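The two complexes that follow have chain A in common; it is paired with chain B in the first and with chain C in the second.
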Partner chain A sequence: MQRRTTLSRPMSLAFISPAFLLVALFLIYPFFSIFSMSFTNQALTGAAARNPQYVGLDNYANLFDVDTWMTRGEFGSSLWITTQFVFGSALIGQAGLGMLIALLFFRRRDLVRHVVYTLAIVAWITPDVVIGFAWFAFLDPTQGTLNNILSIFGVPAQDWLLQYPLLSVIVFNTWRGTAFSMLLFTSALNSISPSYLETSQVIGASRWQQFRDILFPMLQTTIATDLILITLWTFNTFTPYLLTGGGPSYQTELMSIYTYRIGLQRFEFGRGSAVAVTVMLINLLLASIYLFISRTRKTR
Partner chain B sequence: MKSGWLLRVLTNALGVLLALFFLLPLLWFVFAPFNERATLSVRIPEAFSLHNFEVVLNNDTAIRSLVQNSLLISGGVMILTALIATLAAYGFSRGSLPGRSIITYVLLLFSSVVTGTASLVPIFVLIYNIGMFNTYQGVILTLVGGMLPTSIFIMRDFIDSLPRSYEEAAMVSGASSLQIVRDIVFPTLRPGVLVVAVLAFVNGWGAFLTPLILIRNAAMRPAAIAFYQFYSDEGTPNIPLISAYAVLYTLPVLILYLIINARYGFRFFGGIKQ
Partner chain C sequence: MASINLTQLRRHFGAVKAVDDISLAVDDGQFVALLGPSGCGKTTTLRMIAGLELPDAGTIQIGAKQVTALPPRDRDIAMVFQDYALYPHMTVAENVGYPLKVRGTASSEIRQRVQDVAKQLQIGHLLERRPAQLSGGQQQRVALARAVIHKAQVTLYDEPLSNLDTKLRLEARAFLKHLQREVGVTSIYVTHDQAEAMALADVIVVMNEGKILQVGSPKSIFQTPQNTFVAGFIGSPPMNLLECTIDGSVLRFTDGSRLPWQHALPTTARGTVTFGIRPEHVTIRPIDEPGTLPATLYVTQMLGGESLVVTHVGEQLVSVRLFTDEVPELPTRIGLAFDPARVFFYGADGNRLT
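Then we have the complex of A and B:
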């Protein structure tokens, strides 16, 4: 049977056109324009602004220069910091903690669950600037809540952002983003038919066996989906900038912050575009994996 | 089971720890705004006071940023996103364009590829070249462009689940496509439009990076950036005032989100619907 349509083709095109225009201008055009810009020395001011020169692969050669690229504040160093950040805060932190919370409160509807879920969601939706300041106060070496609490247990005061900058932003971002994984895993767990678990209980399976043999296999695609999405988001997040500014001495300079410094503070558009191209290609790779997973899942 | 109560105690203890983990960094905002002499530490004020709010409310620049600039940006983003996404989703859902589900899907993925500071490098150049630098339009359109794929995706789900009989009846009685959208689709889609609108509003309200880069004029900057009002020239923050301003700035989005969450649940957060 042919699908009924209530819109003629020209009419539906007209309905789509405003969206198409904006998406073309602010998503598709930027994606392609950075490729050509990354082969030039375009800048905002100076001679290169009026008359940008074609420089071939110079910008890329500069980024991937083996001698300097692992120096602090350079491209490779930033990529390595970002990798640790994604592993620590997204894959281990957010997904791990999210799964822990979802399992801990599985089939429970009590006050503790309600409080944990509400607080995690508040941490997730409060605007960036406010969160940045909250953590700045929380980690303050002399007056911060964290040191005040630790001193009760006899732990001496630490200057967290100076002594453990990367660890601090990893914990910060775990705190910030766990709610998404938590909610995603919770809704996936709730969609599993209770009869599976009841049957396994009757035959005497332990909790760990239940998780390993029933819950985990059924959650596999949800977990894969979650990991790819939070990797993508964590890879691009700029929020830690509000806590550390990328410092001290570039130790928390994630790719997003590095791109910002080169392309949007120093306005070296050519080099900034080369960085942006690399970032977007990594994004594209992650997004393709996501697409692949959700496609195979649908056809199953 | 003998170990039942022990397990219960342990899970509750872990639950309390988790609650503390999420609560402690925010606890400061519960007390500091009401303390004239607030510091960075969490302290119950000796005298509960609204003085900080008074000072903030009398700071014209800060308040203009909040109730004028931020509202203008997020209101603009909200209206445009809801309107354009609904039209497009309707076009996709009811039209007969080939490959329309692939198109929405690819767009959704594309919006997570062209994102963050990487996308703002070319967008800055674009906005600068078309003369929209230092304008609200530039910020609003950039934010709308980034939000549209997700919003269309969400709206399409709503529209696909809507029975076509109303529209067909309207068509039979001679209504035009635009009339159908205005008089039938928009009203019946109210929950979907509401969800998309709130998401867009919250996104525009919290946006920090885009206005930071696209607006240089201090008088035009939204609240997210106006926080720097409360730093001295040497960069020392005025802690009591910042905490009060943060509360005024956060409450609207918190309330909106909690309302949406209570009414529609998680399904729509982040635009990911399984």
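Then we have the complex of A and C:
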């Protein structure tokens, strides 16, 4: 059957142009302007503000300077912190916990499930600022809820954000984002025909065999999709800034926070742009892995 | 191999009495069909035997073992589902061998037994394929192979042929019967297709609304249906059921027509009863022939080797089956003659009167 278009070609172009204009203005133009800025020493203050110089790859060389880059507060250190953060809070935390909850409540329709799902979703959809404040209060060293609860069991009060800053933000981000993986895995599990599991029950497969031989293989592409998506999101998240401001002494300075500090606190636009471009390339790499996986999934 | 005993088995879903205190004994090696319309409780019964559903009351015994509360894996059963449930990520060989793998059988032995079973089910050339690359009939055989490979005591079938088209279904039916003869395993087979049940089963269990209405061989179920439900469910077309009143030696039908009845009547037949006769035991006579019931021709259907004549007696339809490949030319008004030995009378409660 031939596809019939309601609109003529020029007409449809006319309709799409406002959207395209906005995309160009706010996405495409900044992209190229940041790209070109990353080769200059442009800044908000000082001599370079008036008269930015072309500095070639200096900004990039600076970021990857092997002598200093793993120093706290430098690019390499931030990248390493981000990697631990992604690994801990996204891959293990959100995906792992999400899968666990989804499996635990698979084909159950009781009150416990209802409560767990509701709490997870509330944690996920509440605005950042509210969540940030709530967790700040939760972890407060003197009045915090967590310390109060732990004191019942005789655990002495801790200054969580000072003593365990990275662990705190990892737990925070796990709590914050588990709902997505949980919902994705739940719906994937529900789409598996009941007869698959019933057959394996009759055959005599143990719970572990059912998971290993049937559920896991059937969930594989969903898991891959989930891992890539939450990796991307977690890599770029800025919310932990509300808890720690990247500190103490840069110990929770994720890539996003680092970029923000260089570009928008120190106003070193040139160097900040170089960071932004590098982050963008890392994202591009992750996204192409995602696209590759989803494409092979379709052709299968 | 084992016998199966169900005792006072009950499963209610809220107000719905899916299975309502049924008892059934299945002999070792028997092929039993649970037959009934959708919602009659046949699938729930099967799932309780499998252990996928737990009964509210009653007991299930397989062989000498009480299995009522045991999980499926401890019941030594195999099951074939309507959608076959072949694992899409496994090859045919892996699917068929999976029951053995789960039991920790050595992989060399698995390979050997998969080969043997595949040969028996004529799927040897498909072993390296994935289920998605198979036709419906082939998938069905793979599911059967997986069910027979671990030599369970009982095989349960949940409408295994209903996803096949008519031609394949007839093939699969013959194949399944042959296989069951060969393997000889006790089988319970759920179906809503009475022809399938007749063709396959040693014993048919007719169910409706959670109750067992009749248990018997296909022949006895067909020839002597014990109640109007079974009579109206079995046969294609099923038995003609006409309401009439017994008035001495005359049967008076609802349209006022009278049929003199010189033959013996059931001793308990009194007042209003249901008169039942299979379409193949009715013959068409001229309207004025004595001892016939006057009827109006409604429609004639040519069905290949036979013809079906549908007539009206008042509001009620009476089908007549003629074993001829010529559609007869019939006048509008005809007389129906009934083979008295084949007539059944059913009481007001639907049960057969004797």
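The rule is short, and it goes like this: the second predicted complex is superposed on the first by the 300 of 300 C-alpha atoms of A that agree within 3 Å, B and C clash if a C-alpha of one lies under 4 Å from a C-alpha of the other, contacts with A are read in each partner's own complex, and residues count from 1 in each chain.
Keep in mind that, in the parts below, a residue touches a chain if its C-beta (ideal position, glycine included) is under 8 Å from a C-beta of that chain, and two chains touch if they have at least 3 such contacts.
Keep in mind that what you see is a predicted model, and the values were worked out from it rather than measured.
Engineer: Let's test your reading of the overlay: on chain A, do chain B and chain C clash or fit side by side?
Structural biologist: fit
Engineer: Per the contact definition in the header, classify A:Glu198: touching chain B only (first), chain C only (second), both, or neither.
Structural biologist: Second partner only, chain C.
Engineer: In the superposed arrangement, does A:Ile92 touch chain B (first), chain C (second), both or neither?
Structural biologist: In the superposition, A:Ile92 contacts neither chain B nor chain C.
Engineer: Residues of chain A touched by chain B versus by chain C: which partner has the larger set?
Structural biologist: B
Engineer: For A:Pro217, decide between first (touching chain B), second (touching chain C), both and neither.
Structural biologist: second
Engineer: So in the superposed three-chain picture, is A:Leu57 touching just chain B, just chain C, both, or none of them (first/second/both/neither)?
Structural biologist: A:Leu57: touches no partner chain.
Engineer: Give the angle at the C-alpha centre of chain A formed by the C-alpha centres of chain B and chain C in the superposed arrangement, rounded to the nearest 10 degrees.
Structural biologist: So the C-alpha centres give an angle of 80 degrees.
Engineer: Tell me the contact category for A:Gln209 with respect to chain B and chain C: first, second, both or neither.
Structural biologist: After superposing on A, A:Gln209 lies in contact with chain C but is clear of chain B.
Engineer: Between chain B and chain C, what is the tightest CA to CA spacing in Å in the combined model?
Structural biologist: Scanning every C-alpha pair, the shortest chain B to chain C distance is 5 Å.
Engineer: Which positions of chain A sit in both the chain B and the chain C interface?
Structural biologist: none
Engineer: Over in the complex, which chain C residues touch chain A? Could you list them?
Structural biologist: 50-52, 71-73, 77-79, 81-83, 85, 87-89, 98-99, 101-103, 146, 150, 156
Engineer: List the residues on chain A that touch chain C in their complex, please.
Structural biologist: 193, 195-196, 198-206, 209, 213-214, 217-218
Engineer: Going by the contact rule set out above, which residues of chain B touch chain A in the complex?
Structural biologist: Residues of chain B touching chain A: 11-12, 14-16, 18-19, 21-29, 32, 39-42, 84-85, 87-88, 90-92, 94-97, 105, 107, 109-126, 128, 141-142, 144-146, 148-149, 152, 164, 167-168, 171, 177, 180-181, 202, 205-206, 208-209, 213, 224-225, 227, 237, 239, 242, 246, 249-250, 253-254, 257, 261, 266-267, 269-270, 272, 274.
Engineer: Quick one: which bits of chain A touch chain B in the complex? Just the residue numbers, please.
Structural biologist: For this pair, the touching residues of chain A are 3-9, 11-16, 18-20, 22-23, 25-31, 33-34, 37, 42, 44, 97, 101, 104-105, 112-113, 115-116, 119-123, 125-130, 133-138, 140, 142-146, 148-149, 175, 180, 183-184, 186-188, 222, 225, 229, 232-233, 236-238, 242, 255-257, 259-260, 263-264, 269, 272-273, 275-276, 279-280, 283-284, 287-288, 290-291.
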